[in-house]
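Below, chain A partners chain B and then partners chain C, in two separate complexes.
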Partner chain A sequence: MKDISQYIELFRTERALLDSHSQALLNAHRDEAAEAFMRLGFPSRKVERYRYTDVAEAFAPNYGLKLDTPPAAMNLPEVAATRYGTLANVQNDAITALNTMLVQDVIVIYVPADQRREHPVQLTNTLRSSVPLMQNRRLLIIAEAGAEVQVLQTDKAEGGQDFLTTQVTEIFVGEGAHVEFYDMEDSHSRCHRFHQVYAQVAAGGHLTHTTFTLASGLSRNQADVRLVGQGADALLLGCAITDGQQHVDNNTLIEHIAPGCTSRELYKYVVDQQSSGAFAGRVLVRQEAEKTDSIERNANLVCTEQARMWTQPMLEIYADDVKCSHGSTVGQLNNDALFYMRQRGISEAEARMLLKQAFASEVLAAIPLEALRQRLHVLVEKRFRNCEDCKLCQKNNR
Partner chain B sequence: MLEIKNLHATVSGKEILKGIDLTIRPGEIHALMGQNGAGKSTLSNVLVGHPAYTVTEGSVTFNGKDLLALSPDERSHEGLFLSFQQPVEIPGVSMANFMRAALNAKRKYLGQEPLDASSFLKLMREKRKVVELDSKLANRSVNEGFSGGEKKRNEIYQMAILEPTMCILDETDSGLDVDALRIVAEGFNKLRTPETSAIVITHYQRLLDYIKPNFVHVLLGGRIVKSGGPELALEIEQRGFDWIKEEIES
Partner chain C sequence: MSSDQETTNAFVRSVAERTYEYGFTTTVETEVIDRGLTEDTVRLISEKKGEPEWLLDFRLKAFRYWLTLEQPTWGHLKMPEIDYQAISYYADPTAKKKQGPKSLDEIDPELMKTFDKLGIPLEERLALSGTAVDAVMDSVSVKTTFREKLAEQGIIFCSISEAVREHPDLVRKYLGSVVPYRDNFFAALNSAVFSDGSFVYIPKGVRCPMELSTYFRINAQGTGQFERTLIVCDEDAYVSYLEGCTAPMRDENQLHAAIVEIVVENRAEVKYSTVQNWYPGDKDGKGGVLNLVTKRGLLRGVNSKLSWTQVETGSAITWKYPSCVLAGEGSQAEFYSVAVTNNFQQADTGTKMIHLAPRTSSTIISKGISAGRSQNSYRGLVRVAPKAEGARNYSSCDSLLLSSTCGAHTFPYMDIQNPTAVVEHEATTSKISEDQLFYCQQRGIPQEEAVGLIVNGYAKDVLNKLPMEFAVEAQKLLSVSLEGTVG
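Up next is the complex of A and B:
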């Protein structure tokens, strides 16, 4: 297990700088988080939800923190204080505790009752540094009753430096509110990212949460969605395209607490070369959650002998009258289809590319935001075509 | 244009072709008949370069080139086309994307510029008429949810777009009703040029009523044991294959 002292030390020495460059709300939670982090330590593979990812490896480089940039706004809206940290599980999740301890900034997206954002809010994070860099960020999305908002977050990185990102996102979907959160990572093989999403959906509310990993080094995305009001509804979509030494781990928990809620979950992976993927999705139906309707599916394409995929769909039901299903598949490219295409004159590389793209297209087709759907079709094709040309991948593969 | 000499081939270590000799000149139609397991489909798979089959002896020359040295896609670019006995369904790959990739790969091989999107769609529209295919086809995934008849029509449709010079029709008549058979066979005839050659693999005379062969060959135990004109197919239709077996044994 990775020694946490490096990060505790970092926190102690930089505490004053952190505090002076952050909002009081963030500072108020640091001590409690540090205590929890010291108690929990970095999760080993014996911790159930972290069994598929070697956390220590990601935290090994000697990262620096960039502390001289003040946040965009020192004064947070009143509503942020009442919600910040109320969903995030600081006491039991070490990465959430670490993030809360070292957090540098928070973005708050607040949509008052019955207001509707006509255009999506787009957040673009671009990492650029000459030394190994760590960043710890927060996102707080609050949609009051009847509000509607779409948020798109994109992660990019420039230059071949080691980067480590921790992010905690808390999403509050009010009664009858509608929130779509799109998380897209298109970085490079030396980027490590841990993203913990905590969402709560009130009665009649809807949440779409999608995670697209086009390129990264190590990505671990965790999503905990609580359906707390009658008729709440969640759609979770994910797609990961991995190659080289890449590792992508999506870990989800959908908790049906109120009756009559619906959840749909579809994650697809295309795992190539020596890369690995993991998906663990737990659907927990509480005793009161009668008339739950839940479908969970994970499908994976493993392209080489060396590529690895772990999949673990879990269904835990304590109510009597529910309609739930879960399933997962792991397969290879269809050789008959490959040969059929080659007979028509399509090269092997192109045929493989078309089949991979076709496999991923099912998740893309399910994306509610049309402009993003079309854009992702292009990006996915580009990703499949370019990966052999990408200098960074090549450097790390050989 | 196609010259097969003493061709031996194995699949999973078992020898299926045991010395095939066959020469096909431009414009000729050769029918290949024979009982199940005689090696008809093996021959067509070997010619198009299916990776499951291994050539152990012999040679195949196509347009003066060593066909066996070419990859499956290069063989296609050279003008070889197989109408599959069981066309493969490819969910998620649209007919339009599939055919555009195939046609532009061929054009690149021949040193031509790729076709732009609008010219390509126009070409797809024109060629669709040859086999009376539905206009929604372009947006559908390759063969996915197609009926048996639609799949076979789709094979001929792909042929229309790629304009091969040497076509292998592997039991194109299987699973077709009389109307579908007529549409498929007439489609093929419309596409034929005086230079187009074909190997027509079939169990029945009814396909040969439409696509009239110049030569008929009988394959038995991995060899061509009897060759003749169109009348041989008619005789097989009436008498079966046993008399040919007896003829060889005696």
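Up next is the complex of A and C:
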């Protein structure tokens, strides 16, 4: 319950201003969210899903909220009204409730039945401010039956200001639809981000959800994926490269509700310096979800004595005709491989970098979107080299 | 079909037709103290056992701490509410005799019969060669066999009450050193009201010549059993310890909240094996023992070794995490477990491996088998502390599902704080392979027997770690527990 008061107070005093600049749809959900937020408070570390991140501490500083945004540009399509907030339940999650209470705008990506988008949609969020700033974002992706869409979201920050972002993303994958959502964060050490993704996949639908965390301060990404129709399928990929005091916490829940669904999950971490990483992935197979096929894997490199990694892959199975497995490893670079490279005249630093890169490239290789895959290879290398203007970056950075 | 197979088939059939065979009760005059738990109860227990002042203080501290706690709810269990005031905390079936029985002639023949029926003869000449037994019924140790023979080598094997009287220094030194009374809710409760259990001390350099074994039996109605076992294995010593348990069939839940503490010194080795066969409740989930225990080993010494092997087939609810604290450099810990749940049983069991010292290694092999409407969870923690250079852990947890109404869950926690640690975890969940079943049936093995064979094969990794006599019993139990799960 620690210090939710500043947010409650902000909401009470600025309610009118918030309302006047936002869609009626968003305003209609605020009261319920505020009530839930007051009841829930910030989750302590005793709340199972938040045990690896101190939420109250992240929300304790006094951030500014930019209230005089331009009034909502256009009316939301009716379909948004029927879906908004239906997956992101404010009753169970404080961050979702807080976001719903204070949200100012929503981006809606709607793909009608059997429509295909040739090119991916890219959303770029760049944070720039002269004061510490809080931002509450909302994204709604709806792909009707047979539709196809790829969405890429990139998070950046300019200037050394403190930022706090909450984002709630709801993804509806219709029957036989195909949605790929790529979330890439490359900001700086004073950015704190909480991203809650809620997705639902209907029969025969496919969802790819990837989370890449390069530079950031504190990132907590939660993904709840419900496979509700027969033969639905989900691929979750994640990669985090952390250093300094960075903290990255990925928490996923894949719920197999309908029979014959498939899920694959691969998360990799390279945890360096004093940074910390956490991965908790829960696969829940309901009793009706016979013929479930699920594989979950998490592999981690811990590079220094100060770095810390928590990993917690969980299987919870109530059906019997299933094939589920999970695996998790924590280790360090292979000494033989290092020796081999050094023997061949590669410096130790370079050899280490190459091995880390090879480790991360398994996740990159699984990315279906070709252009992004190539771009990420560059970004990941750049991240490992940790340099702003080396030759390599200039060459590839145009 | 080879005769070997025929024997196996007949064997499987014979046991499959049995239900819980230890569900009888013994009529023996038992002194049971009034139900309820207050400071006076704690004092009364201590007085009945004629304990020294320091132990009473220990109990009272634990009791006062317990009062500040709430029962934990984090387990994947639907726990019936336990009314701690409706339980009697002390039941003594030997009370008729003023002093505890000194020789066999003084033991109530009913008690002798009970243990005979359980396959635990208290007469040394009848005992399985090579096993010394401490038999505990309700709150009191009835008899410890082969004590004199073991004493020749300086080995102390007796009930913990006797140890408090005869070796107070040892008990005082080690009691609560591995599981402090502040450890958890049930540990605090046990520390306040524990009654009997075994005490083992193996002196330096001694290899214990026989298996030591404790057999726990709950008999009296409306009582709980709160046993406490303390095993100390001094430098270069070795001991293999077995624990068995049964309870009568009753409609009410019976509480069993035990603590087992093990201390392993330099280069010593302890093997601890359990076949847990408490009454699991009837097929509608009525009754059964609530098994809520804290077991932990402290590997204090350099290159010390501890191995936990458990076969869990009984109990309505199992909440148990035999753990190892690897504090000595180069120490090794192992955990092998088979947990079977059927009908309405629930198990939330696993282990904790806490690596504190450099070059420590641990292995976890866990096999869960769920049938009926049961829920079976593996919950484990592997922690590598910053100083545990080169720590190594391998965990493998497999679950086998035998019905569409049961659940199998894995909750492994890993917390790694050292870059040189190598930690691996694997888990799989599946049902019995149709191909394997078909293959067996094709060769004339009835379905139920085929399932028994496959399950025994699946659990073999763990059963192989058990001492011989125990392995046979465990194999039988596996088949009994799974009776009626096919179809």
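Just so we're on the same page, the second predicted complex is superposed on the first by the 382 of 398 C-alpha atoms of A that agree within 3 Å, B and C clash if a C-alpha of one lies under 4 Å from a C-alpha of the other, contacts with A are read in each partner's own complex, and residues count from 1 in each chain.
We take it that a contact is a pair of C-beta atoms (placed from the backbone, for glycine too) under 8 Å apart; a residue touches a chain by one contact, two chains touch by 3 or more.
Everything numeric here is computed off the predicted structure, so don't read it as measured data.
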For A:Thr311, select first, second, both or neither according to whether it touches chain B, chain C, the two together, or no partner. second
Chain B or chain C, by number of chain A residues touched: C
Looking at A:Phe339, would you say it contacts chain B, chain C, both, or neither? Reply first, second, both or neither. first
In the superposed arrangement, which partner chain does A:Met38 touch: chain B (first), chain C (second), both, or neither? neither
Would you sort A:Gly327 into first (chain B), second (chain C), both or neither based on which partner it touches? second
Does chain B (first) or chain C (second) touch A:Val121, or do both, or does neither? neither
Looking at A:Ala358, would you say it contacts chain B, chain C, both, or neither? Reply first, second, both or neither. first
For A:Glu348, decide between first (touching chain B), second (touching chain C), both and neither. first
Taking the superposition on A as described, I'd like to know which of chain B and chain C A:Ala319 touches: first, second, both or neither. second
Taking the stated contact definition, name every residue in chain A that is touched by chain B in one complex and by chain C in the other, in rising order. none
In the complex formed with chain B, which residues of chain A make contact? 334-337, 339-348, 350, 354-355, 357-359, 361-362
Chain A-touching residues of chain C, taken from the complex the two chains share: 74, 76, 384, 386, 399, 401-431
Which residues of chain B touch chain A once you look at their complex with the stated criterion? 48-51, 71-73, 75-77, 81-82, 84, 87-93, 97-99, 101-103, 105-106, 109, 141-142, 158, 162
Residues of chain A that touch chain C when the two form their complex: 48, 287, 290, 300, 302-305, 307-332
